[in-house]
Every structure is written in C-alpha cells, then in structure tokens.
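Order of writing sets the chain letters: A, B, C, D, E, F and G. Residues in each chain are counted from 1.
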C-alpha cells in the first residue's frame, strides 16, 4: 500500500513535469518510478506517504498566511533600528516524532514568523530555534508547540 | 576511407573503454594495449599508402557536409604523423611491459596511453578548429595524468608547471577559436582558409598570434618552453619517451597546419617571428642542456632546441607570389620538407634516447651523470644503440638527424638567412657536446665507486630487460634505415610540403568542386545526409 | 551590450592571470577557474549577442521562429565548460596531492625539478 | 483600458522587478565581501542564488520564454547542495 | 554530516533530483537539458547523499563501480557512433527508428539518445568518482 | 671504389665478432682486407700517371643531390694508397700491440671504420658524401682517441678533438652547401672546373673562410692545433695512423682538393701561408720542448701540417705571378706529403714499440736500446734521417723542394725562407731526439726490460722506413708517377706535369740552405739542454696558448649556459606565466598596432537614446557589475573560502548572462558545474592552509601590470570580433536542419549529439581521463619518501 | 487583464520582499538575524515572482512547473538555512550582543557531533558524552 502511494506520487510528479499531463505520460511515469523505487529500495523502506488531503490543505493555508506575516515582520525589523528586536536561541522540546516529521516541522518553522531552526538534538527531543522576539522565551516555546507542532502532526498522522 | 580514417581515433577509444570495463584485469589490458597499438600502426601505414597514392582524403563525421559537421582530413603530413605516432605508441607499449610497475598499471596506465594516442591522432586528423581543441584537451589531460601517475614529489612539481602553462595555452587557443568563429562564422579549417581572407590583415595577424602562443606553448617554442624542462624528466622513462615523441609534435603540427593553411596573409611578420623564436630556441635550449648534469634533463632541454629546428622550416616558409622563381619555390618547399623530416626524425630519436636513459636509470639507480658509469663495458649493445641515437640527434651523418639538419641548413642558406643557418650549425655542435658528455659520463667513465644499487638490486633490475631493449634496437635500426633511405623520405616529405604550400589542394579536397551544387542544396535544406 | 561584456571578459582574464601569478596553489586554481569562465564568455560574446531568445524550435515548427541566439557557440561553450570542469577537478586533486607530498602550498618552493 | 496599455504594464513591472532583483544581488554581494564570518558569506551566496531564481523567473516573463523555468527548477534543486558543502567545511574545520 | 534534518530531507530530495535528471536526459533533445545536464544533476544528488550520510552509503546507493559505469557509458556513446559504420555510413552518422507505442505516441528512437545516455553515464561516473574520492581523503 | 669503402664499414661491424672467432691472429686476418685494397689502388698508378681520372657513381638520395660518387685522380690516389697501405701495417701492428686487451675487437671495429671513412673522404666526388665521410672520421677518431676510456684524460682529449674538428666540420658543411649553390653542382669534379665562377662570386670570401675553418681545425693549424697533442691519449697505432697520413691530413686534402676552384687568390695565399707558416714554426718549436716521445712527434706533426698548408698557399692555379712558382710549391707539397707520411708513421710506431717494450715514454729516461731492439732501431733511425732531411732519403727531397719553393717567391722571400729554415733546424733536433736519444748512448733502467719487438711490430716501421729510402733513391721511378698527378690535381691541370724529381740537381741555394740546416740542427741537438734552458724562460707562450682559450671558452660557455638557464628556467612558475603572458601581449599588441583604422570604440548612440538604452540594459549592467564585484572578491579576499564564495557569485553572474542572452542550456550547466566545483573546492581546501601573504609589492605591481594589459588586449580582441559580422554562419545550417535532420527541437543539444557529436565524444573522454587522474592521484601513493625525484 | 494585474502585483511583492531580504542581510547585526531576513524573505520574494510567471502565462503546464519550482525552493531553502546556522553555530559565530538567551550553548559535542537535549549543568562531563 505504502509503496503504491509513493509510486503514484512519483508518477504524478513525472506527469506534471512533462507538460502534456496525459494518461499515457502518467503510465510511463508509473512504470519509470516503479523501477526507480526498486532501485532506491534501501532508501524508501519504512517511509509514510499516505497523506490526508484535507489536512494538507488546511495546514497549507495556515502556513501561507504565516509565511506572509513572518515576512512582514522581518521587513519591519529590517527597516527599523535593531533595538526593537530581542533575538535568542531557544530549546523547544518536541513530542515523540519521526525524522521526517521533525524535519518538516523544522522547515516550517524556518519559513514562518520570526523563527528558524538551528538544529535538532541528536535524540530528536529538542529543536533549537532562533527567534527574533524572545521577550518571554517560554511563551514563544508554547506558541511554537501549539501553532505548528500540533497541527503538523495532525496532518502527518 | 570510412574506416581507415577514423581508426586511429576510434581504436584507442574503444580499447580504452574496454580497459575501463576490465579495470582489474591487468593482463587483458596489456594485451589490448599491444593489440590496439599494433592495429593503429598497421592502420597508419595503410592510410599513408592510400594518401600517397590517392591524394588527400576526407571523412565527414556523421555524414554532414564539410563546414557543417566535423571533418577529418588526412593529407600526407597528417598520415605521416599518424603513422609515426602509432608506431611510437607500439614501441613504448612494449617498453612499458617492464618499465611500468604494477601500481601504475593498476591505475590506468594502459587506457591513458591509448587515450593519449587518441588525442594525438585526432589532432593530426581533424579538419575542424574546435575539434582540434577537444583533441588537444584529450591529449593534454592524458598527459597530465601520465605525468603524475606515481605521485612522487618531482612528478608533482613538474606537473604543476606543466599543467598550468598548458592550461594557459588552452585558454588562449579557446579564445582564438571563439574570436575566429565570431569573425568568420565557421570552424572548418578549409572553410576558414577561405573566410579569413575577408578580415583585415593586421587584425588577422593579431589573432594568429593567439594561435602562435597557444600552439607555441604546446610545441615548447621559445620563449614558451618552460614547462618542458621542468617536467619531462619526472615520470617513468616510458612516459617521458612517449611525451618526447608526441606532445611537442602536435604543437608543431598545428603550427604547420594553421600557418600554411589559414594565416598565410602576412608571412613577412609572422614567419619572421617564428624564425626568431626558432633561432633563440635552438641556442637557448642547447645551452640549457649544456648546463645540465642529469641524463634526462639534458635530453629534455635539447627538445627545446630541436623544436627550434622544426620551427625553422616553417619560419623559412613564405607564401610565394607568381614572381618567385621555380628555384625559390623549391627551396621553400625543401624548408617545409626539412621541418617534416626533422619532426619525424626527432619523433624516433628522442624517445629512443629517453628509452635508453630508462635502462640506464634502472640499472644505475639514478640519472645523475656523476653517479653513473661503466655501461660501455657492461652493456655493449645498449652503448651501440646510444651511439646511433645520440649521433643522429647531434646530426652526424649519415643518420637521420643529419639529413634533417642538412635540408634545413641548405634551405636557409638558399634563402640567404645566414643567422639562422649559423644558429642551426652552432646548435648542432653543442648538441654533439651534450651527447658526448653523456657518453663519456655514462658509458665510458668507470663505474661509480659506490654504486647506488647493490648487487641484488642490480640483478633484480636486470630481470625482464628484453622488452626494454627490443624497442631500443628497433628504433635504432629505424634511425639507420632513415639515414640510408633519406632520398625516398625526402621525396615523400617534399610531397607533403607541396601539399602544405598549396592550400587549395586541402580546400578542394574538403569542398570538392563537383559537389558544390550538393553543398548549396544542403544549405537550402533539400538533402538529407 | 558587447562592450560591457568585453570589459567583463577582460577583467576576468586580468584577474585570472593575476591570481595565477601568485605564489599560492589555491590562488592558482582560482585563477584557472576565472580564466576558463573568461574564455567561455569570450566565445559567447565574440559570436555576437544577437538575441535574447534561446535557440529552440517551437513544438510543431520545422525551424526556429523569430530571432534567436546562435546555437553553435553555445554548444562549443558547453563542451568547454565540461572540459574545464574535468581539468579543474584534476588540478584540484593534483594540488591536494602536491601539498601532501611536498608539504607546502608555496609555489616558490617547488623548484627542484628545474634547477 | 486598451490592450496596448496592458501590454506595456507587465514588461514595465517586469523590468522594474528585474532591476530590483539585480540590485538586491549587489547588496548580497556586499555582505559576501564583508563577512565577517564564512557563514555570513555563505548566507549571502545562498541569497544570490535564490535571487538568481527570481531573475530567471522575471526574465521568463519579460522575454516570454516559459521554458526558462527549467533553469529555475535546477537552481532551486541544486544550489543548496553547494551551501551544504560550505556548511560541511565549516563544521569539519570547527573540530578541536 | 550528522544533521538529522539534512538526512531526512535528503531522503525525499534524492529521488526527486534523480527523477528530474532522467527527465532532463530524455527531454534534452527538444528542450534545455541533455546528457550532460542530466548527468551533472544526478551526480549532484549523489554528492548530496554523500555529504548528508557518508561516501560509503552513497557508493552503496550507486551500486555499480564508477570505472565500470564510465567504461559502459563510453562504450555506449562510441557504440552509437559505430552502429552507423555497420550500415556503411560514416562514424557518428545518426540512425533513427520510429516505434508506434499505442496509447502514448509515436516514439522516435535514435542513436543520439543512446549517445546521450552514454554521456549521462560517463558524467555521473566521473563526477562521482571525483567527489567520492576527494571526500574520502 | 664503392666496394672498397663499404667493405671497410662492413668489416668494422664484423671486427668484434671476428676478434672473438679468430682471437690472437685477428690483426693479421683483418689486415688482409686493406692490403687487398692497397693492391687494388696500386693498379691505378700507371693510368693515373698517364693523366686518366676515374669516376664511379651510385645513386643514393638523388633528390637531395647526394650520390655515392667517387673520383680517383692523382691526389686521391696518393691518399688512398697511404690510407690502405699504412692502414694494413697499422692493423697488423695493432693486433700485437693490443694483444690481450679486453676490447681489442671494438678497437679494430673503430679503427677499420675510421679507415673506411677516411678512404671514402678522399675518394668522394659528391660534396655531401665527402662531408659525411669527413664527419665519420671525426666521430670514429673520437672513439679511437678515447679508447682508454677509463682515464679521464683520454675522455677529455677525445672530447676536445671532437669539438674542435666537429665545429670546423659544421663550418665546412655550410661552406660546401654554399659552394654547391654557387657552382650549381654537387660534384667536386664539376665544381673544380669552374674556378673563375667562385673567385668572382660575392660569396667567395665566406665560402673560403668556411672551408678553411673546416680544414684548419681538422689539420690542426694554429690556433686550432692544441687538440692534436692531446689526442696522443690514443693507443699508439691510432696516433701513428691518424697523425701520419689520415685524420689530420684530411684538412690538407680538402685544401688541396679545392685549390683549383678556390685557390690562387691573394686571400688564399695570404691566409694559407700565414697560418701555415705560423703553424710550422710554432709546432716545431713546441716539439723540441717536449720530453714524451709521442708528444714530440705530435708537435712535429703540427709543424709538418703547417708546412703543407704553407706550400698549398704558395702553389695554386691562377696564382698571381709565374705558373712555374705554383708548380714548385705544388711539387714540394706532394713530395713532402708522401715523405712525411712515411717517416712519421714509422716514428710513431717505433715510439709505440719502445714504450710498449720498456714501459717508458719519457725520452730523457731512455737510452741505448739499439742493442736490445736492433730492428726497431734501424727503422727508427732510417725514418729520423728522412725527417731530418739527410740525403738520400725522401725527406731530403721534400726539404730541398720546400726551400726552392720559398726562395722562388716574388715577395717576402726573407721571412718565408727564414721560417722554413728555422723549422728545418728544429726538425733536425726532433729527429735526433726521437731516434738518437732512445737508441744510442748508454742504456738506462726502464720499467720493463726491453726486448726486440715481435714480428708484427717491427715489420711495419721497417717497411715504411725502407720505402722512404727507396723512393728517395729512385725518385724518378717511384716518386714521379705518384707525385706528378698530385701536382696536376692541386693545380687543376688536365695534363700531367713533368716533375723531374732528382736527388741531385747541382749546388744551388736550396742545397746550401739544406746543408746549413742540417749542421746547425745537429749542433743544436747536442746543445739541446742549454737551448731548452733559455727557451724555458719564454715558456709563457705555451701558457697563454690557444689551449687556454679553448678551456676558457668552454668554461665560459658553460657558465653562460647555467646563467642563462637559471634566468630562463628559474623554477618560479609565476615567472613562467608572466613571461608567457607578456609574450602573448607583446605579439598581439605589436600586430594590433599595425591596424590602420581602429574601429573598436563602439559607436556612441545619440544622447536622447541613453535613457532608453539604460532602461533596456540596466539589469545586464548590474549583472556585469555583480561579476566584477565577485571577481574583485576572488582576487582580493584574504581567505580562500571567501574567494570560493566570490567565485560562486562570478559563476552565477555568468550563468545569468547566459540566461539573458538566450542560452538556458549553458546557464543550467553553469549552475550545476558551479555547485559541483564548490563541493570539490571545499573537499580539497579543507586540507590546505590559509593564504599566507608572501608576494612582494613590486612583484605584485609588475604582475598586475602584465595581467591588466592582457585583459585589455582580450577586451580589444573581443570588440574587434564583435565588430565583424560574418555574412553566413555554419550555425544557420544547424538551426535550419535541427528538426528535419537532427530530429530535435533543442538546437544546442542536436549540435552536441548529432552535428558535432565528435566534440562531445572527445569531451566525455576528457572527463573520464580526469577521473582516472584523480583516482590515481589520490589512491596511488608513492612507494617511499625520498625516492628518486 | 486581471491576470496581468495579478502578475504585476506578484512581481512587485516579490521584488519588495527580495529587496528587503537583501537589505536585511546587509543591515542585520549578526549571522542569525541576517538569516532570519534572508531565509524567509528571499524565499517568499522569489516564490511570488515564480507565481507571477504562472499567472502571466496562464498555461497549466507552466503553472505546474512554477509550482514545482516553488515546492523545491521551499524544500531546499530551509535546509540550507539550517545547515548554515548549525555550521555557523558550531564554528563559533557569536550571537549578537543584544540577544536575550542562548539555550544551545555547550550542548554540542564537537568530537562525537552529539547535540544534547538536556541542558548541561557541568562542563566536565565529556567522558560521559563519549560513552554514549
């Protein structure tokens, strides 16, 4: 099942990049990515590909909104004198999650307001995040957990 | 023609590819190497005979007519060069059986040798300017690797200089090609010969200087030769030998090609520059050699001076006008023929000397003259071969070198270029001096009091010496034969020179007149290949 | 635009050559890279910058439409770029090895084979 | 509004955008030259690459060559590998 | 590199890049791309893998020995040229066959594709050889 | 004649083998061949004396004007007889002299090869084949002189001889080539008939000087004489052969040979008589200062060669003045030549025998050997008498004729006669030194106990000495048939001349002079010690002699060579680069300056278009600025990683230019390559140190100047290229046929894989090689450190 | 017309954000704050521009490819930012003096490349770290 999804996903990408987007191209892409996945066996084993589409969509909208807000805020910081922001590197404790989930979370954080991921602890339990406004570190931590970690995990699980 | 013209490039390419697939099969690589070289040599001779009988041959790669695709053109000069190069490849391949150690074989010595030959033969055959660049790069890259193969300190130092200076020259070549294309819209040499006539003379001269420098560096022309003495003596003798045989020759060949085919508008300036470079090269090179005290370094420096000889003929070449007498025409033709003879002579003699130096270094443990000696007593055959080769290099009659020198000196005297003739003769004397210096130190002088190799090592070194001696004897025999067959060889060289002197032969071969209609049709898009 | 590009090319050549004339291996190789960029750009410019459109034939057409850049220099440069890459890679490895064997990256100390 | 007006507004904006992108690149270049740390320079280089994607996109609009996006895809996919390589260097160098 | 984030990102980026590289290879005759570009892109993917994990696993991913890869690629490219000589044409003259694949299109297969695949393999093999060996130092 | 020459070379090749097979008697066996030739040449005497000449021609390298053509006339016959006759005796002699020597086989090989070359030289008609034999004599004599190669002295002397004669040989080649082009033929026999053409030609002086340079060096004329005594390092048979009748006489032969064409001018006479005269006096003077037997003989040989040159100067056809005078001199030349060959060979062999038997070469430590070795003594004494000029020996005749020739001169009689008289006196002393001193007086202790030499070692000298005596006794019968054709050859006469050689032709000035010379000479011999003491004070002549100049010149040349090499081949890569770039800039700008109409400055558009142009091209300008900034960063940065980053920017900028000007393929490739290059750089630079600051400011300024000039040059070249728009481009074809012939819509790719697939094939080969190279560099480690560089 | 206005709007947004990113990278006080500017703003700015391409051509094929560019950009640029930040941090780039706190300090072990999740109280527990 999992392999099938992955296969279909790659086939879709194939059809997308070859601009025709015909059934034929999809078939070619399917066969092609079948062999590719076969080739990449050591790599893809154990990965989850099945995505809940509606969760993706909601999260995506939220994500895009956040993205724009983040940018505006940074723009504000860039233009105003530096005394208005208080950056910090914070340790954000994480729920139990897979590498891929942690990575996605880190990426999302990087692309959204005033924060970006510096590194993930080796045991994946803490994400170190650089934030622009750390007047109250604990509040920032909580905000990250509530606004990003939880919805993302919902989408992915 | 279809096969034989592409064979010198294709055979080594296929063999090298196979060797990559058979990367760990050393014996298979050796056999493949020898077989390929033998095949190339035979092919080369067949090509030579065909060209000799039928005139210039042309192969349109991919079936695209001349200026549009890449064309291989073989005139007599190309055929001579290809044949000689393949032969040297074969000889060195045999020599390498003993000289090249297992480690080097394991890291691609054989395919590299093949590819070096491929690059060289390609450069001799191609009739396309950019393709020439590509073959140059193949040759250079293969030589870079062969030069560094082994990873010893001297090799590294030599290679850095060799690589850097050659890359500079490649950059200039590339720039020259780019500008040439920008000005003429073509890359085919025959087409260029026609199109450059539309460019203003001095501008074309300026452009030709880029090519002069680019090829001059490869040819180790004065004052662009620095890489040669810095690097030639560092790799194993087999590699030095094949380098000495081929690398600079490709540069000289290219100079011959472009300055007789394309840049012929202003022989006064260009050829005087070449002549001056030739003269200084001869003297500086031979003086440099006189200052050396190591077998291979002496030989390396001599190459610089001998390049001077080769360029001398080209420098004497002038584009003849109708008013020039038949006598002048013959002298100029003889000058070019002299260059060709010298190239071929040097292509045989110098490698042989390097091969001999390899045996000496192997048995003596060093190339330093003061630590060597006694070879006249211990290796009489080798001594004989050295005498033949070194005397030929010094231009002692009736060996090959004499004829080359004689033809050139006669031509320069005939054209009343007294200075260059004097330089050539003086250089001959100093060459003799160097050769005799080696002879006296390595062969005549008693063995060193404290030999660098002990008994055991010497015995070890003596094992399997036959594959090293055999090529030396063969080449020495060739030198002698060359000397006695000087007449026919000169005739062939004169034929080749005649082709060089008359670019229209080349151009007509590439663009046959009766196919002109087809050509136009091709432009209009009516024909398919 | 050709004059501007010509100046860029000249500067690249000058910088590349200047770097190569330093005593340092690393500068040498950086100079080489600049030089190869310069040569490529030179081919590009010398052939004439005649259009901003890529030499592609639109689907369904038999020949390119409108004005388009000269494809041949592009093919040449592509070849030259790749050759240059191979050369630079080799040079890097050579310098790496040379540094290991000789123990310095100072070119002035690499004179043993000449004199 | 007629077609001609609309015909000119996009090229004009595109040209403007293109120039802004280009100037932004020069800004990034300032950081690249100033540093002070290598990481700063790499950030600047990364930004130059990102801006290059933007330039390609705008240029695709300006010259109406959508296939230029293919170059954008490659840049987007590949440039970060170089950045990663720099990072690797920094980390290796940081070894005690 | 011991970055978890990089490693897991590599796991999804790697197949994408490889796929895209094959696409560039196959479509290169009609649109920007081709054997070189495809090969370089694929090599970049492997290089990324080698940086994120290590050279050993990247090698394991490649399966084939570089040298063999290069040799085969070279033979393919040369072979594409030799095919025409068997027909009596000059070296490197292209030969085309049109295959009718129902449901897709008329697929034109020609020696240039073979040639480009050879180029692709050589470029991948060479670049990886360079990167891997330098990385192992 | 060809056979006689070729057989010599073949025999030389076989000699080592023969030596192994035959062993002890090899000398005798080998001697039979030259003996046969001697007999063969004897048969010609009659016909040559009758004025016949013989031609023989074999094709060789016809197109080069080179034939194996031979020409036998009086001159060459005399030489051929000497070469084969004396050669026979020498080989026979050497067989015993070198008995048991490890390399006797090789010795024979070289000796016989030398003999063959010498024979070829005197027989050759074609000038190039003559030159070839000439050079071969130089080379073979090199190996003979250095035969005792374990001694450094021998090696150095051989080198000296080779350099001096070789250098002259090269001049000779030039002279011969010029001669051929002036005379319009490669055959001596033809050239010699066109003497007036030469003498009136503008190139006469250079040709003459070049030929004489060859002849003087070979024949050890002052100031090139110094190599000859040093050549005494050779085994004695070699010395005897080289210095009596062959090697050194080659120069004499050459002068005599060309004298019909080149001789007879003022210049000829002045040069030859001055150099010859000086040589004969100095040689003889130096001879009596020596103590070693062979060195005494060597210097006396130089003197004799001087005499011969001197005589050639006096006697040549077309000479100003009386033809009779020329004949006198030419006659003297012929007689002296033959006489000298006979007695000098004898004396050398005798000297060799003495040294061989006693182990002593210092003449002052020898004495009374006549009892121990009577036969040798007889031969020696006979030869010495001939040398001293006692009647009735042939040497007497030579000396008489010499005096006659000088006395008959129209001008400078005093000087010339004085010189000959002094030489004559010194000759007498020399004769006494080499023949009286060792054999007579009281016996002295020698390293070895002297015995009579074995048969092969005394028979040669004895035969030669007796021949000298016989010809002296019967000059008209034995001498004239040989000498008269020689005179004809030297003077270029078609008819043989009447010579009237007689021992006694009345009391005349020459006879009186001869008598005086003899008596003074004998007296001087007994006062030798005192004379030496006096002369020792003016010994500085020796020290500042040309030998010193040779040493100085050689050392100077070597010093200059190393200086030049240190400068040119300094080992500094940056110097090499600088010179290479500077050369390019120099050559290109030299050519550019010749352009009359400079149109590289682009047309400046009208000002009202500036705004529009800027609007259209601003981004391109900025991208160019980006590249320039990146370049500046790469050059200026103190850290290499910064330089790499800056380099990256340059790469991206160039890629953007490719995008801007319609080259997406290039841009993509450039981006990819850039990334991969960064990876490679980072991998490698990780191991390399940071930049140290080590360049000196002045060097930096110089390099900056050179590189900026190069940059400007490139800019100009690009502008010039863009200024020319070709009418048609090959790419028009590619664009038009991309779809129908190439079946592809990406024209660039179609060019790469179809139209110009050969380039692409080559390019992947380059890539592949670089991969092997990297593999080898990184994995193939040196076996051990400090191994051979 | 509508799409053209959208295109212009997107282009301008993209230009502005990109310009701010560049300005930020010059003006911000330390590596991390610069990256805040570059990583987000750059990505969004470029993203908008690519969207503009999609709207301009209005072709579904172009749009999907534009989507791909954006997707790849969003996939790779955070990774790059992470890598630089991490490397910068490890190589000892100092935080801006105005920074409030640094909870990652001393958490990274350069020998084992281990990044701890526990705040380290003592600095002498290297041996313990090595044992892990």
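As a convention for this text, a contact is a pair of C-beta atoms (placed from the backbone, for glycine too) under 8 Å apart; a residue touches a chain by one contact, two chains touch by 3 or more.
Keep in mind that what you see is a predicted model, and the values were worked out from it rather than measured.
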- More C-beta contacts across E-G or across B-E? B-E
- Distance-wise, how many Å sit between the C-alpha centres of subunit D and subunit F, to the nearest whole number? 71
- Query: Using the average of all C-alpha atoms in each chain as its centre, how far is it in Å between subunit C and subunit D?
  - Reply: 22
- Message: From the mean C-alpha coordinate of subunit D to that of subunit G, what's the distance rounded to whole Å?
- Response: 14
- Task: Quick one: report the Å distance separating subunit A from subunit D, using the average Cα coordinate of each chain.
- Result: 22
- Residue ranges of subunit D touching at least 2 other chains are 21, 23, 25, 38, 42, 44, 65, 67-68, 70-71, 73-74, 77-79, 81, 84-89, 91, 93
- Touching two or more other chains - residues of subunit G: 16, 23, 35, 43, 61-62, 65, 68, 72, 75-77, 79, 81-83, 85-86, 113-114
- If you look at subunit C, which of its residues touch at least two other chains? 20, 25, 28, 38, 42, 44-46, 48, 52-54, 56, 59, 72-73, 76, 78-79, 82-83, 86-87, 89-90, 92-97, 101, 107, 110-114
- Chain pairs that touch, by label, are A-E, A-G, B-C, B-E, B-F, C-D, C-E, C-F, D-E, D-F, D-G, E-F, E-G
- Can you list the residues on subunit F that touch subunit C in the complex? 565-566, 569-574, 577-578, 581, 602, 617, 620-621, 624, 627-628, 631-632, 634-635, 640, 643-644, 647, 650-651, 654, 657-658, 660-666, 669-670, 673, 676-677, 680-681, 684-685, 687-689, 691-692, 694-695, 703-704, 706-708, 710-719, 721-722, 725, 729-731, 734-736, 738-740, 745-748, 751-752, 756, 759-760, 762-764, 766-767, 769-771, 773-774, 777-778, 782, 789
- Within the complex, subunit F is touched by subunit C residues 1-28, 30, 33-34, 37-38, 40-42, 44-46, 48-49, 51-59, 61-64, 68-79, 81-90, 92-97, 99-101, 105-108, 110-115
- subunit B-touching residues of subunit F, taken from the complex the two chains share: 59-64, 66, 102, 106, 128, 131-132, 135-136, 139, 142, 146, 149-150, 152, 155, 158-159, 162-163, 166-167, 170-171, 173-174, 177-178, 181, 557-558, 560-562, 564-565, 568-569, 571, 573, 576-577, 579-581, 583-584, 587-597, 714, 717-718, 720-722, 724, 726-734, 736-737, 740-741, 754-759, 761-763, 765-766, 768-770, 772-773, 775-777, 779-783, 787-789
- Residue numbers on subunit C that touch subunit E, as the complex places them: 54, 56, 59, 78, 82, 86, 89, 92-93, 96
- The subunit E residues in contact with subunit B across the complex are 65, 67-68, 70-72, 74-75, 78, 81-82, 84-85, 88-94
